[in-house]
């Protein structure tokens, strides 16, 4: 699936650099814009579908957060770009959903790209390309579609007593990325459930069928995709901590350091599951080998018991003129005795070999 | 198990940063506080469940060690935080039991997080999240629950002639972490016993059953979890050695260097066992293959001996009108002779092949 | 194949350093030279087979792009080298098709070597050695043969309104390499299709035959070859970004940074496919093991059912004088009953074992 | 074995830091002390069991080498420590036989810990913990027990014309470590013999039995233990080369550089054998698979030949009223002809399959 | 083999440092010395077996290349060492054939050690230890035996018009090492042929026998040995490029940079073959598994067809009093019909399973 997406996303390659071309699969008819404006005493939130509505707040001493859902209306994004004086390459990266996480410093803003992972109601893992631009008194976020992980953050913003209301745009940026990273844990946890489920199935060596290697392979690819989405953010946050930028206050740095701790922890969990999945394949091979062993045992036990007995029966089915045993009065019954004895001896032998 | 814990610990994610939320599984009704106050001539120890009792000693020239058991009474920890002027993020990390080991320098204190591993009477390995704060003349430690590895340390403190009584809070910090690291050796040793036991079982190729791969898999996960608890402390101690901090005396640095030596040694042992466990899986596969070989051998020997003999018996069971052998006087006895000869030839053949 | 090429390319080793020796397999009779000359207002393109035609434009304030197809006419390349004052080692590298990607700074020009990968109409992947020299107002490119990935670029150049027309030779260099890197995506995508096709075959565990490991091995070698062509360019572009060179303008640097992002993304895709191919081999082994299991099951079921039954039939084929069952009126029918019962019991047993 | 030792060595953990506790297994009743005193013109060697005898030479312009065998007489070592003003941690490390190789600079001496590996007459590999202290005009060495690799060195010292007699204590230190490293080669060589022996057994695919994986596993652990003893010394010598220390002369540095070359070479050999041992396991699995193949072939050949023949014999053992073949005069002989023909066809088939 | 050599080479360990002890296997009776003296206008070459003949040219403004074949005549090498004022450790390294490649700067000369790999007429790969000393106006090379890769170089030297005649001793050093590195390509190419041959055998899955894993193992060891000879030179040349040395001219540096490019390319080829060989083992295991599968298939097909038929024949071989089928007129023919039908059904079943 990771591959499918990339494939589509490069149909439009060979465009001149700096050209905006939305390549994602999510289409929204109108760009949905959410505008939050706040300071210590004031808080306002409203939705709009005209980007121009967002610009009125620029220049005030309030912090303005403009959250734009939908990347296919390139016109709107260009309007924003013009208003906030964004570099053409920035605009290109905003709509290029295959752009990997990165951070870039520009003269008047900081540009951060990351992947938002979350599990919707359909229980599937969604990857959304999110761009964040932070300036002196504003934060812009661009998402592919509706639905995000910022509800707790919105609630905190609406709460007049929260620390966030007393802080600047840098703290808002931190809070947004923190919400994304916190949700990584939830995603990893859900993924871990799948891994453990499959593992416990393998432990019990039951319900193993031909689809199991395929399932393991799917988990492998899923974790590789998650890793590729999460890992680069580690480097991004590390660099963010070191950036010396006018509108990032000193005290925010300690929060970013804390964020870095979290992302390191997430990526270690990812690596842990990765190792676990890799060893699932070994487990599976062992389970198959054990099953084969069992099959062979059954065959060997049956064959080893009956082949000699059949041979004996064959002997006395021969038509030789002179076979004294055949003439004996109770020959048939003696024979059964001999056969039973042989049978019991075999059983003892298999017991000893621990095959039974 | 490692995974289970993480899962629970992230139920409460998406809280505002700096919020204290205890996520561990150990619950204590009242916070149990142990206070040790000492200098060269003086030594006092007492327990309390009121945190305020601990504050009387602050500011004296004695060293005060306040050891707090139980992280679920957030109120008490906040009181301590207020009294010692701790940063909100520090308080968050103290109660966040999934926080990985780290060290952080603050203006007036040093904050160290690590994992205490120890084997209780129930023979299980316990992981406890421990935070340590060291200031000019005090050391605070926060543990999840009762039970720790500091009994030897307490005894040394009570001994008036010990070196520790003449040293400051930095040496106490060193002694606490040293006790934790020393106990890692005991834990690794106990773990090594399990690995070696399983290995010697595999060597003898007996008692191997379907549960063996599961056991190996369990050891794999256990060692990965141990590694994740121990490894980051290596980096922490390395940084601790280099910190230039007012209340860490020069001579203590050589002790910390020694501590670093120990933690490196522990982590090398962990890696050694890790490699050993990984190769156990190979061993196991070989043992299974050998068993399969043996089963096949038995089958092949039985089949190879009796199938030709049964064929011969079949021949003389045919009802052809004119089979001269059947008419021979001692045909039956000659046949037995031929069959015996065949049997012996087969045995010789198998001997040569080293199958018998 | 990668190996074959190298083998041939080193027939002529042990030549004195700085000697030009074309070792590629593509031969063109006459060197085909394409000359593009442009500035904001002016644009001219023409083809020639005399290198001297290209020199007339030197020294004007226009940008001149001289694209030379065919490396086996060493004379022509020497003429160009003389005209543009190129170092002997540069000339040697231009015709040495086994030279790996690199960047070298000279006093008056920048020399970049890379591999152009593209899929021709024959659906095969072609590797072409391309050298690029950029000076104050000119760009020279040397290709092994006709056919390249620059058609979009040519179109943009011909378009009077494109940004490229207003920029210098450094931007042209960037555009050329960008076109090459963009095409890497197409190549990787096509390669990915092959990998996924084989993977889905393995998932369905059908059409697996003896040629499958060979196919996987081929993919392994192909991806290793692609990796060797692409990876070094990463380092090249990284160094290009840092080069402090008179004719690379500051604003072009941000484009090169963007290019670096792309090449990193390509190489991550390559690594992803590499891991996927490696795990295909595991998948294949599992599929084979599963097939073996199935074969063994069939054998075991047939043998386990019929061997005991055949034994019973053998018993009543014996010629003992006194076998009471044989004399029973309906003995034959009773026997069939017993045999059917045995048969059904066996089936139930196999059901339980999940073999049926 | 490596594990066993560690286990014992940590019985006494949790002692206060700086406490000397000998944990090795070698016990000597009296500490055996060897004292060598020399300069260009003078040479004296004598043994003693009173450490005080060694101190007379201190302060002269001669070089004194005091070699102490036996670490369990802690009293003696403490006396030495007092006399030469050694740090408590140094004394602790001298008797702590599980201390990994390291180098530490102190104000008035240099402290080096390493492992001496040598093969005694019993053909077993011995690991001995050696500490070396080098000061202005003396070298102290502490060994666990009698027996070392310094005999050649002693001879060179006794030879008045040797370079070593004209050099200071730094050159003696170099010579001692050089002797140890040189002996590593002998050890690795002997270990290599074992590896190659096992490998050639596997090559010939004979004498492979159930103990082989255990043997490979043993070699794995042995090489891991050797590696852990040797590898850290690499870093030690590297740091030694860079140490700027009053009593290490400039010209000695080039000898230490040479020593570093040697230790790098040793560790590369160790890695080479490590890789070889790891691939032995693969070899072994292949040998087992080949054996299984052979067993299966024998079974299949026998079964494939005789099962159809037995079927034919069964046909003519039937009691149908009307079987024309049975009535034919030479039916029996014709049947034999048919069977022989079948047999020959089978043989040809197996030949073609290269099974015979 | 690599191991054998090392083993012998360390018989003489424990010699005092700086002692020359030749440990190679190649013995020459007299040291063969080749002396080349040249400048732009002048060229002279002659052979001698007296080292003193080489010294006459010292001090002239010409470049003198003294190439000494045979390292077992230690006397001669000592004479050279005295004449050119070489360090004792340099002399030791010249004759120590197990010395790994390295570069060392001395006051008046540069000392380079590397391995010359070449394929002699006997088609075997030869490893020769070569030391090179370059001073102001001379180059000394020491080889183990006759035979080298410098014939092209000699020819270029004899050619009055070659660039090399106008350059100093630094360029001669570069040319010698360049010749060695160029020959690495030939060696790798020949090695690659062996790998590809074995690979194509495995692809065709024929001619696989018990010796195959041994062959793969041999290739593994060979490539590891080649790697150990070639890899360190990479670092050597990298350092050579950075050395700031009076007699290495600035313009030579760009040639050394080029040389570095070549050695990187060689080592990448080595790594490529290494990966290929490692995956050959996987290929081989798959081929074996496939063969086992085929064997099992044959057995299963034969057994599955004939076991039921034999059972039926057994049924009608029974001696029951009352078996109606036996009395039927055409019972025998009907039976054949039933058996044929069963046979055909089996074939259809196997077809469906793709076993036929």
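Couple of notes before you dig in:
Just so it is clear, A, B, C, D and E label the chains in written order, and each chain counts residues from 1 on its own.
The criterion applied here is as follows: a residue touches a chain if its C-beta (ideal position, glycine included) is under 8 Å from a C-beta of that chain, and two chains touch if they have at least 3 such contacts.
Note that the structure is a prediction, hence the values are computed from the model and not measured.
Looking at the partners of chain B and chain C together, the chains they share are A.
Residue numbering shows that chain D and chain E use the same positions for less than half of their mutual interface. In the Cα superposition of chain A onto chain D, the rotation angle, rounded to steps of 5, is 145 degrees. Distance from the chain B centre to the chain E centre is 43 Å, each centre being the mean of its Cα atoms.
With centres taken as mean Cα positions, chain E sits 27 Å from chain C. Along chain E, residues 285, 289, 292, 296, 299, 303, 307, 310, 314, 317-319, 323 each make contact with two or more other chains. All the chains close into one ring, and from chain B toward chain D their sequence is B, D, E, C, A.
Interface residues of chain A, counted against chain B in their complex, comprise 149, 152, 156, 162-164, 174-175, 178-179, 182-183, 185-186, 189, 192-193, 196, 199, 203, 205, 254-255, 257-258, 261, 264-265, 268-269, 272, 275-276, 279, 282-283, 285-287, 289-290, 292-293, 296-297, 299-300, 303-304, 307-308, 310-311, 314-315, 317-323, 353, 355. Interface residues of chain D, counted against chain B in their complex, comprise 2-3, 6-7, 10, 13-18, 87, 89, 92-93, 98-100, 102, 104, 210, 213-214, 217, 220-221, 224, 228, 281, 284-285, 288-289, 291-292, 294-296, 298-299, 302-303, 306-307, 309-310, 313-314, 316-319, 323, 325-332, 335.
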